[in-house]
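What follows is a group of structures, each given as structure tokens.
Both complexes shown next keep subunit A, but they swap its partner, so subunit B is in the first and subunit C is in the second.
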Partner chain A sequence: MGEMEELRKEMENLKDQITAARKTFQDSTLQEAAAGVTVVGRVQLKTRKTLRGHLAKIYAMHWGTDSTLCVSASQDGKLIVWDTITTNKVNAIPLKSSWVMTCAYAPSGNLVACGGLDNMCSIYNLKGKDGNVKVMRELAAHTGYLSCCRFLSDTEIITSSGDCTCVLWDIETGTQKTVFAGHQGDAMSLGVSPDFKFFISGACDFTAKLWDIREAECRQTFGGHESDINAIGFFPNGNAVITGSDDATCKLYDLRADQELLTYQDSSIMCGVTSLAPSKSGRLLLAGHDDFNVNIWDMLKAERVGVLAGHDNRVSCIGVSTDGMACCTGSWDSFLKIWN
Partner chain B sequence: MAEAPQQQEQQQQQQEEDEEEEQLSSVEETEADEESEEEAKESVHTTPTRPLLSMRSMSMVDPNDDSPNMIVFRKIEDIVTLIQDEEEGVPIRTVKSFMTKIPSVVTGTDIVQWLMKNLAIEDPAEAMHIGSLIAAQGYFFPISDHVLSLKDDGTFYRFQAPYFWPSNCWEPENTDYAIYLCKRTMQNKTRLELADYEAENLARLQRAFARKWEFIYMQAEAQVKIDRKKDKTERKILDSQERAFWDVHRPVPGCVNTTEMDIRKCRRMKNPHRVKKSVYGLVEEGTQSQSPIHTPSHHCRKGTKEDVEKEILFLNTQIDRHRMKMSKVAESLISYTDQYMDYDQFVTAQEPANPWTSDDPSLWELEASKEPSQQRVKKWGFSLEEALKDPAGQELFLKFLESEFSSENLRFWLAVQDMKRRPQQDVAQRAEDIWAEFLAEGAPSSINLDSHSYERTSQNLKDPGRYSYEDAQDHIYKLMKSDSYTRFLRSNVYQDLLMAKKKPETEQGRRTSLEKFTRSVGKSLTGKRLTGLMQSS
Partner chain C sequence: MSTTNNIAQARKLVEQLRIEAGIERIKVSKAAADLMSYCEQHARADPLLVGVPTSDNPFKDKKPCIIL
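What follows is the complex of A and B.
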């Protein structure tokens, strides 16, 4: 028992040293540096389209790279690919398991993936020969629910799981290439860097981790949140990480400064963050909450500059299209909305 | 934990009988640890009456409980406790109405005003939003409606008893609900009449519990008996609180069920699937079928010795890692956002028209076209990444490199990018092909690698994989970025395209002449360089 205590003490000691080391680089804060930047002013986005068709809670959505198509996953057991301009359903894919929690669109536009309580990541080929959408692969090895998945290409995908690990898969062979272990709680969300060399994960151990895909190791860990991190994403330049948590705050961490730059919080925001997405320039942060709203933040000044209130239940997922023209929100009210 | 209400009632009843005959509105208190009672005299008019309220001014949620719902409940309970405070809160009164008295109410406006003042909220809509959230969780409720929403008007609201607070992790069974609906039909009061949906629910439950119905009926009768003994006013309050409880757990069809939990968080909830306690103090019999949400208990990972050791190893690598100053990092972020703000639809309206409002797809046609707009061309100047991201930019850059006889660099880089996306079985072959084309002795498109990278790469090729060319690729990329790319931006091909679609204006006229000057300077320089190259080869 004594040994464990000593080890923990050593660990805490090291953490304190790191905190002290980080402090020596705090010659300024982002807010101070941004004091002279012009204010953004009130941001008012309007609902341009409502995508109707799901019959139950929507848990996830993801934009395709072409910026007009997106895929959504709902607990009605369907994966739907939408043309967001016409609101038509391009594909409606029935799933084996209705307890789906995540979905992803491959950069090529050829594949979509999803997974959930079945602990598997299922890959579907949208461009099959006969026009039918079929399961191409079922990636099974996780011992916990699949919380998130993101394609690197048509041949590789990364998943995060309730078993606390993230995994890089080879889709062709359906095998695990690398297991990224280190989180002490369910891994809830992941994001891939713009150059596809790194990815970040947020977990229920309240930390975010940066992983080197090639070297298969954790490069950095960021703490500070007081509860589960549900959502994570890269700042558009790839040098900073944004997290959203059940503690009702979002945080911005810089990779090169190796520390937190800002916290986005307001005493009147009480409900947890479920999802987040930065705008194209990174100036704005859109965060979806359990209280049915999306809050829009000025990322440099940490001021709330807008609210999207259009859903009748939790906002479970949000995404900004690749060219930044529109934002899509998905909710437990079974609808998706396109805003700009 | 708080006891079932009927037991407290009985104790209180004793006390009442011991006291003088008088119209007393006795107030009950429930507490996490102990029981205590407080009585308040009630006069006919508007003396404040404290509803069922915890003595402690803090939330009942364990401060160490960091599960998602509990965090929110804690925040709400702090607000709800304060709003009922004698000094700091809203005035809670008994209102005389027609033939009756309505005990212990506040108006919606009172609540909204209080929230605005005490939570420092300027926008009434925001106060409404928070108030609605609190109402939806059942912490206060409209006395005449099953729908748990907040209205900023004279509608009357009452506060919920801590016994019924969601933080107690109630997951009431249908048996409890059946008892509740059943007992309501036994009492002959208009205010207790079942709503349509409740009548339907009752009918459904009667069918489902056909065998148990006698038991349920008896329980309902017992409850009615206990209820009858209570003071009339108190009964009103308790009835409404009980109803509000069921409005949360069995909401009106069409209303959001706020007790629904994110399935990913379920098993980590407090009391996730232990024996469910009954609202009416019933002992559970038999086993309930588990819903698929309640998967077998996943032991929360507490760090093992191995975990801690690994963490220590990792932390040791982090102490002296390279870090940049916050000021530099901040500057970099600010300049990035500044550069791209013109391209951010949410900040600057983009041209041409918004495709979602105008149904005009010309935006994408323009983006996809081979003839890029000036805005698009301008973006290529932001970074090499941007130029390469755009197929037209990539093409132009390649053309430029060809004119400088260094296109093999970009072609190598693109070939490796392509190889990395190939299926595993194709990778080895592609790696060989790339070696032959770009790196082997006498290769047709020989690239210039430093000896160190060359050595590393040829080593890697002994067991070719996706990352065999990583070092080489990085090296070539850096070369292009610092050398060719900067010249590209100053080149004719790029500058011409950048200036091409300008609107004719006098200002432009002035600018154009400056540009013409710089271009001519650039031309003469390039000219010199080109000749130099040709001579050397």
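What follows is the complex of A and C.
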């Protein structure tokens, strides 16, 4: 029992050390630094396309790197690859399990992945020889639902799970390369850094964690949210992290200063954040909420500069294309919309 | 048995906190300046921020001109 007490004391000491260290580097705030910056003018985006075809709630979407194709996952049991310009369905992939919660497009455009309450991440080859899209691998080992997945390449993918872990998989062998354990609650979302060396995860323990993929360790943990973190993403230069939570706020954390810089909140916003995406320059933050809307924030000034209203149910997913030309929203109303 | 698990878990937490306590940090003023600079440098190339002219917008249906 003596060791437990000692360990507890050391934990408290280290936590105090981290808090104190962060304070030493807090010589200013982003608010002060950006005081002279003019708020972005009102942002009014219009729906340019509506992608119709899913028959039930859409839970996830992900842009392909070509900024034209995207994949969406719905609990109608289908993955659909869309040409967002023509609105044509390039592929409609029937899933073994309809309880899908996430999907991802490989940077190469060759593969898509999805998973959910089946606890597995299924990889599909879009470019099979006979033209049929088939399951290429079923990555099974998680003991909880698959909440998110993101490809590093055609041979590696990272998953986050309700079992509180994130995993790096070798797609060819179907095995776990690294298990990233540390979260004390369901891992809900993940994002990969622009240089592919790190990833961030947000969880139901109200924290976000930064992981070094090759060193296989957690480098930093960020707290402050008062409820589950449902959405997470990197600021475009990879130096900061944005989180969205059930506490109805988004937060910006700087990785090099190791602390929170801003909170995006408004007393009129009472619904949890389900999804988020930064615009190409990082100046705008688009956040999807349970109240059917997307709020657009000036990321430097923490002021709301626009709203996307057009869905008839919760906005469950959002993504900005690689070239920054458009934003795609997916909703429980079964539609995807393209805005710019 | 659960006591040994608890101690093992506590040891891991302490180890993790040591890693996090020992990282190098930069001042918030520098971090903020770099974020602002990045936004400024890339603003012009951010279509959602500056708007997209119809002729360059792949998502906008271009209406053909009818010469009467």
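Operating definition for what follows: the second predicted complex is superposed on the first by the 328 of 340 C-alpha atoms of A that agree within 3 Å, B and C clash if a C-alpha of one lies under 4 Å from a C-alpha of the other, contacts with A are read in each partner's own complex, and residues count from 1 in each chain.
As a convention for this text, contacts are C-beta pairs under 8 Å (C-beta built on N, C-alpha and C of every residue); 3 or more make two chains touch, one makes a residue touch a chain.
In this text, all values refer to a predicted model and were calculated from it rather than measured experimentally.
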Side-by-side fit of subunit B and subunit C on subunit A, or clash: clash
Residue contacts on subunit A - larger count, subunit B or subunit C: B
Which superposed partner A:L284 touches (first subunit B, second subunit C, both, neither): both
Touching partner for A:S227 - first (subunit B), second (subunit C), both, neither: first
Partner chain(s) touched by A:V43 [first = subunit B, second = subunit C, both, neither]: both
Partner chain in contact with A:E3 - subunit B first, subunit C second, else both or neither: both
Touched partner set for A:Q17, first subunit B, second subunit C, both or neither: both
Contacts of A:Q26 with subunit B and subunit C, given as first, second, both or neither: both
Touching partner for A:S153 - first (subunit B), second (subunit C), both, neither: first
Subunit B versus subunit C as contact partner of A:D246, first or second or both or neither: first
Subunit B versus subunit C as contact partner of A:N293, first or second or both or neither: first
Subunit B region in steric overlap with subunit C, selected from 331-339, 493-501 or 529-537: 331-339
Doubly contacted subunit A residues - partners subunit C and subunit B: 3-4, 7-8, 10-11, 14-15, 17-18, 21-22, 25-30, 32-34, 37, 40, 43, 45, 48-49, 68, 84-85, 182, 218, 220-221, 235-237, 239-240, 254, 256-259, 261, 279-284, 299-300, 323-327, 338, 340
Subunit C partner contacts - residues on subunit A that touch it in the complex: 3-4, 7-8, 10-11, 14-15, 17-18, 21-22, 24-30, 32-34, 37, 40, 43, 45, 48-49, 68, 84-85, 182, 217-221, 235-237, 239-240, 254, 256-259, 261, 279-284, 299-300, 320, 323-327, 338, 340
Residue ranges of subunit C touching subunit A (in the complex, touch as defined): 3, 6-7, 10-11, 13-14, 16-21, 23, 25-36, 38-39, 41-43, 45-49, 52, 57-60
Subunit A residues touching subunit B - in the complex, by the definition given at the top: 3-4, 7-8, 10-11, 14-15, 17-18, 21-22, 25-30, 32-34, 37, 40, 43, 45, 48-49, 66-68, 84-85, 99, 101, 117, 144-145, 147, 153-155, 162, 164, 170, 172-173, 182, 184-186, 188, 194-195, 204, 214, 218, 220-221, 226-228, 235-237, 239-240, 246-248, 254, 256-259, 261, 267-268, 270-272, 279-284, 290-291, 293, 296, 299-300, 309, 312-313, 323-327, 332-333, 338, 340
Subunit B residues within the subunit A interface of the complex: 66, 68, 71-72, 75-76, 119-121, 126, 129-130, 133, 256, 260, 263-265, 268, 292, 295, 298, 300-303, 305, 307-312, 314-316, 318-321, 323-327, 329-334, 336-341, 343-347, 350, 354-357, 359, 361, 363-364, 367, 385, 420-425, 467, 470
